[in-house]
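By written order: A, B, C, D, E, F, G, H, I and J. Residues from 1 in each chain.
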Amino acid sequence: MNRSDVNALILEKKRSHGLRWKEVSAQLGASKEWCTAALLGQMPLSAEQARVITQLLDLPEEAERILQEVPSRGCLSTAVPTDPTIYRFYEILQVYGTTIKELIHEEFGDGIMSAIDFSMDISRVKDEHGDRIKITLNGKYLKYKTY
Amino acid sequence: MNRSDVNALILEKKRSHGLRWKEVSAQLGASKEWCTAALLGQMPLSAEQARVITQLLDLPEEAERILQEVPSRGCLSTAVPTDPTIYRFYEILQVYGTTIKELIHEEFGDGIMSAIDFSMDISRVKDEHGDRIKITLNGKYLKYKTY
Amino acid sequence: MNRSDVNALILEKKRSHGLRWKEVSAQLGASKEWCTAALLGQMPLSAEQARVITQLLDLPEEAERILQEVPSRGCLSTAVPTDPTIYRFYEILQVYGTTIKELIHEEFGDGIMSAIDFSMDISRVKDEHGDRIKITLNGKYLKYKTY
Amino acid sequence: MNRSDVNALILEKKRSHGLRWKEVSAQLGASKEWCTAALLGQMPLSAEQARVITQLLDLPEEAERILQEVPSRGCLSTAVPTDPTIYRFYEILQVYGTTIKELIHEEFGDGIMSAIDFSMDISRVKDEHGDRIKITLNGKYLKYKTY
Amino acid sequence: MNRSDVNALILEKKRSHGLRWKEVSAQLGASKEWCTAALLGQMPLSAEQARVITQLLDLPEEAERILQEVPSRGCLSTAVPTDPTIYRFYEILQVYGTTIKELIHEEFGDGIMSAIDFSMDISRVKDEHGDRIKITLNGKYLKYKTY
Amino acid sequence: MNRSDVNALILEKKRSHGLRWKEVSAQLGASKEWCTAALLGQMPLSAEQARVITQLLDLPEEAERILQEVPSRGCLSTAVPTDPTIYRFYEILQVYGTTIKELIHEEFGDGIMSAIDFSMDISRVKDEHGDRIKITLNGKYLKYKTY
Amino acid sequence: MNRSDVNALILEKKRSHGLRWKEVSAQLGASKEWCTAALLGQMPLSAEQARVITQLLDLPEEAERILQEVPSRGCLSTAVPTDPTIYRFYEILQVYGTTIKELIHEEFGDGIMSAIDFSMDISRVKDEHGDRIKITLNGKYLKYKTY
Amino acid sequence: MNRSDVNALILEKKRSHGLRWKEVSAQLGASKEWCTAALLGQMPLSAEQARVITQLLDLPEEAERILQEVPSRGCLSTAVPTDPTIYRFYEILQVYGTTIKELIHEEFGDGIMSAIDFSMDISRVKDEHGDRIKITLNGKYLKYKTY
Amino acid sequence: MNRSDVNALILEKKRSHGLRWKEVSAQLGASKEWCTAALLGQMPLSAEQARVITQLLDLPEEAERILQEVPSRGCLSTAVPTDPTIYRFYEILQVYGTTIKELIHEEFGDGIMSAIDFSMDISRVKDEHGDRIKITLNGKYLKYKTY
Amino acid sequence: MNRSDVNALILEKKRSHGLRWKEVSAQLGASKEWCTAALLGQMPLSAEQARVITQLLDLPEEAERILQEVPSRGCLSTAVPTDPTIYRFYEILQVYGTTIKELIHEEFGDGIMSAIDFSMDISRVKDEHGDRIKITLNGKYLKYKTY
């Protein structure tokens, strides 16, 4: 049994228990964004979180240990994603990639937005012309070091 | 002369005039995010905006016409970006791509966040442990049609 | 059991029951184009549709739940399709891609044809020199937003 | 001077003459879809059409000869297009590729839709919820030969 | 069981029965080229042919139905083939691709050689300096349509 | 000046002189297939042939020397060709690649068809349902050596 | 059971029998280079060789037949090999590829070194500064045919 | 002027001076294999060699300095070479790559053949059935270090 | 059972025994860096090391033999790694690749740093602004041979 | 003039002035590793550094401004480097990538080594069996944030 088997099992159990990501996340005591990523195989759980999820979803004991290990990250099976919901974010990178770079450098200087000291929030914005999705990326500015 | 020549010229003129994107954007009457993308070759300008930028940066007359045409979009020269500042956003896609998909579907149903009826905001968040970059993506939820 | 297993099972059952896509689609109450895409793993079914197809094809109970989930879309196993029937449409993109772009922009302005608020129709056109295939793509025009 | 030079020149002249594809096409006596493709470098012109366009756009004499040669076709600079307006059609292929294949085979038997004995029509459909783009692909059904 | 399983089974049974492609083809009433392609998974069999091959090779009943379905075509596992016997034909394309294009256009005008209304013949040519392989490709000329 | 410059020049001169490949080939004393390949940059000319073509097309003296050098072969700018006339031959490889391999091995044993001791012939076959293109590939059978 | 299964079985049996490639090759009556390639799945065995190896390694009866079939060649799982021992030969191609081409053409004229009528020898060269590996490639010169 | 310009110039001058690689190499006091690689841009020359070649081929003074710099190595413009003369060596890697690895490890243990402390020799072997090309690769065995 | 199966088994057993790489390495009598690489499938073990690890982790007897064979090296499943922890090292190569080359050549002359006669050390550097990771690469300088 | 032009100019001027990277770096007041990377186009210079280098190498005034802008990073022209000196570091990643990941996680927990708050040192280690190259990578440990 490896992490990939555990990921598949989590999806099956979540489905058969009729649970939603928000409900599962509430049990783990962290944001829905982080928890969903973790349960999709992108983040390690703490010992406590692993115990909780194992009980909640009736996972085998070995899963509890596996979930605490740092996974090999990367959820796209091709360099350019094929699923339209995911592709739109790749498209934003194609349209705005150099813009983001220019504006970060103009405001902060030479550096990057961390993808490690980072959080994300996905929420609904009510709008009479059709609701909108708002995704906030929040990462620490890291300055390139001169030495 | 084509759009790519105009883009290079804009960068040269902006540099020699010592202008910042925010200053240029202020002249165009739109957000710094949209204007920078436009001047990097990803958006067409309105007739008025083209006139303004041509004067501001001493561009040749032909540039004014070219800037009003819809460009061929795509700013990455490789499928996976090599520049670290831009790569971090590809990395976020590798780590959170399936998470974003799951949470959009859970909250909204089967659909996507539009990358067309879309806006972006990049701002600084003051933080005593080091300032943070906040990027907000705001796109209309588009529902998959059943027919 | 995951969506991919269900897709394979549907193909087996459809074959052993001697059913055609049009017949199956008629049971689901939607167009043959949408239903075939759904049963090939590209669209989620409604609860009612999932119930109908599960009974029609003697699928296991778990399949009924799986079919209601939004699938990870993308049906091509290589970026450029190898099957000639499918390749011709990629070829049309190679020959007419920039033409479609130019004519959409000339007629509508800067924007795209939605692939989400979208429908497709495939039909036969009688012709004495050999019947023709007519495929109609119908998508909402989405205007690029300036902000 | 080669076809690629001529294509660039046509775009420049069309811009400086303030012409639209529809106007240019009207002069050539063929549909706007075919003519635009031809002038973007994907189709050869007849001797008469080459003469007309050379005069209309003040092209050099050599261009008239070059335009009558069959070009090397292919307008995408990457296997997967990056421009969103064009990408949507690649996306339709990712979502509906196998569906189109199945339905052509169910209706016609083993064969393909020709991309050679083929025509395309792009038009506007008025709609109160927002106008729609209708693209009709019309190709001869070609049956796979058994021998 | 899917087509790929049937293909593997056919190879196993052909081997254990000690049959040659020519012998198998003779039973199916078609050329050795078409039949071999069909039994390698690239062509659908007629109902009669499927019955014959199922009996000849002791295939399971389900295989008989599967063999009548149009397969997903494409027999190369990489875009550029690695097997030297197959690679030589890719090499011919690298050396003569543009030549074939030029000569078809010079002789026929703008169009292609059909790969659908197509037949192939592979035969031995006795030669005292070493026998030669002669492969004849025979496809209908299809003229590009102007509309 | 390199071979690539010479290739471009040959195409320009052939066009301005209003010559056809067959006419040019007749001057060179070899088949139209070999000569066209040579003049498209895939074969070296003999000293005599280089002299002839240089005079016929008014090429500069340096070209005469360059044309006698063995070129770097390969005429496709992408691994999978995008031009439909050329693509069809790649498609034939996708559909018949393993078939060709099996039938060569069945008839000749373990070996290949040479692409070096090789000739090709492209000709028209009159046919009342539409003329056909016949391409004959003729290569020496080369047996794999055991040692 | 296919060739790939047989290859894996041969490796397992060779290991459990504690045999070396040289010992196995001695039994087959051919060079260690050819035999190793054959047993790694790149060459077909003669009937006699297949009988010998089947007995030597206790392979199942079906393996004896499979080993006599011409395999699908190609032992690299990526276009550029990742294993350092193998990569060095790819590197030699990157550094000396054009050199080999130039020197073959200068010495022999327009042609290639056959990889079919070919043999290879790998041997140790004693050297006080550290032993050296000598690999001799020996292939028939094949002249490009003009026709 | 950079190394790539110098490489092109060397080819032009070698042609116009009617020199062969062997002749040029004789002047440089090193093997024809090493010298050809160097003059094709894959090796740096010594100060003395750079002086010699600059005089021999009438190169500009700057070239003399450039030729002494270590170049960026790599002579293939695609990962898989398209030129048949070069491709055969890639093919040998596809057929014998794992064999070479196995036999080096069996004879020497865990290590590689150096491509740095390496020499190559290309020579003609007279043979009544057609002359053969013999290429000897000679590299130091480098043992993997355990630490 | 092959090396890949053994690798997976080692990971499972290490987890269930609650062992750390450092502890396992201590048993093998080599550095943690080399041992971890070996147990992840990139290095062969000595007979003694294989015996130790087999006992320590309760591996099957066959594993002991497999672990002594030289593995096929390469641990990345894509050319560009997706896991952020690993990617940073690819990024360093993108930013500093040419710098490393220039400085090695300036200091040592034309040559490389061996990746075979090589060792690596990973350690923690205490730092009040946050601890740092120090990775030392130590490889023998190998000089390019002129011959 | 853009950064790429400036990079080429710096290399030319450095060559004609007969300067070494260490000498140039000494003028800029930073390490040879950082300065070389900067002058190869991977880092922006401070205003003072840009002034110094412009004078030292007689660069045009525009270069001084360009060198202060943050460049688009990435120095490899292919995803897998072809130059052997650079490739060895890619190879280290193929052999040790997963090892580095495991040991960082074991020692530090879930996180990465920063490639931004990062320094590198390249030095010579005297060794009687041949000098060695020591490269030290030193980056801040960045912990993955849970939120």
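Convention: a contact is a pair of C-beta atoms (placed from the backbone, for glycine too) under 8 Å apart; a residue touches a chain by one contact, two chains touch by 3 or more.
It should be emphasised that the depicted structure is a prediction, and the values quoted were computed from it without experimental measurement.
Of all chains, the one whose Cα centroid sits at the greatest distance from that of chain A is F.
Two chain pairs, C-F and D-F, are weighed by contacting C-beta pairs, with D-F ahead. Here the spacing of chain E and chain F, counted between their Cα centres, is 23 Å.
Remark: chain F and chain G have CA centroids separated by 31 Å (rounded to whole angstrom).
Averaged C-alpha coordinates put the centre of chain G at 41 Å from the centre of chain J.
Rounded to whole angstrom, the centroid-to-centroid distance between chain A and chain I, based on C-alpha atoms, equals 29 Å. Of all residues in chain C, those that touch two or more other chains are 33, 70, 72-74, 76, 79-80, 82-85, 91, 94-95, 98, 101, 105, 111-112, 114-116, 118, 142.
Every pair of chains in contact is given here: A-B, A-C, A-D, A-I, A-J, B-C, B-D, B-I, B-J, C-D, C-E, C-F, D-E, D-F, E-F, E-G, E-H, F-G, F-H, G-H, G-I, G-J, H-I, H-J, I-J. In the complex of the two chains, the chain F residues touching chain E come out as 20-22, 32-33, 36-37, 40, 42, 73-76, 79-81, 83-86, 88-108, 111-115, 118, 120, 122, 124-125, 127, 129-142.
Within the complex formed with chain C, the residues of chain B that make contact are 30-31, 33-34, 43-44, 46, 70, 72, 98, 101, 105, 110-112, 114, 116-119, 142-147. Considering their complex, residues 8, 11-12, 15-16, 78, 80, 82-85 of chain D touch chain B. By the touch rule above, chain F contacts chain H in their complex via residues 1-2, 62, 65-66, 69-70, 72-74, 76, 79, 115-116.
Those residues of chain F whose C-beta lies close enough to touch chain C in the complex are 80, 82, 84, 87, 91, 94-95.
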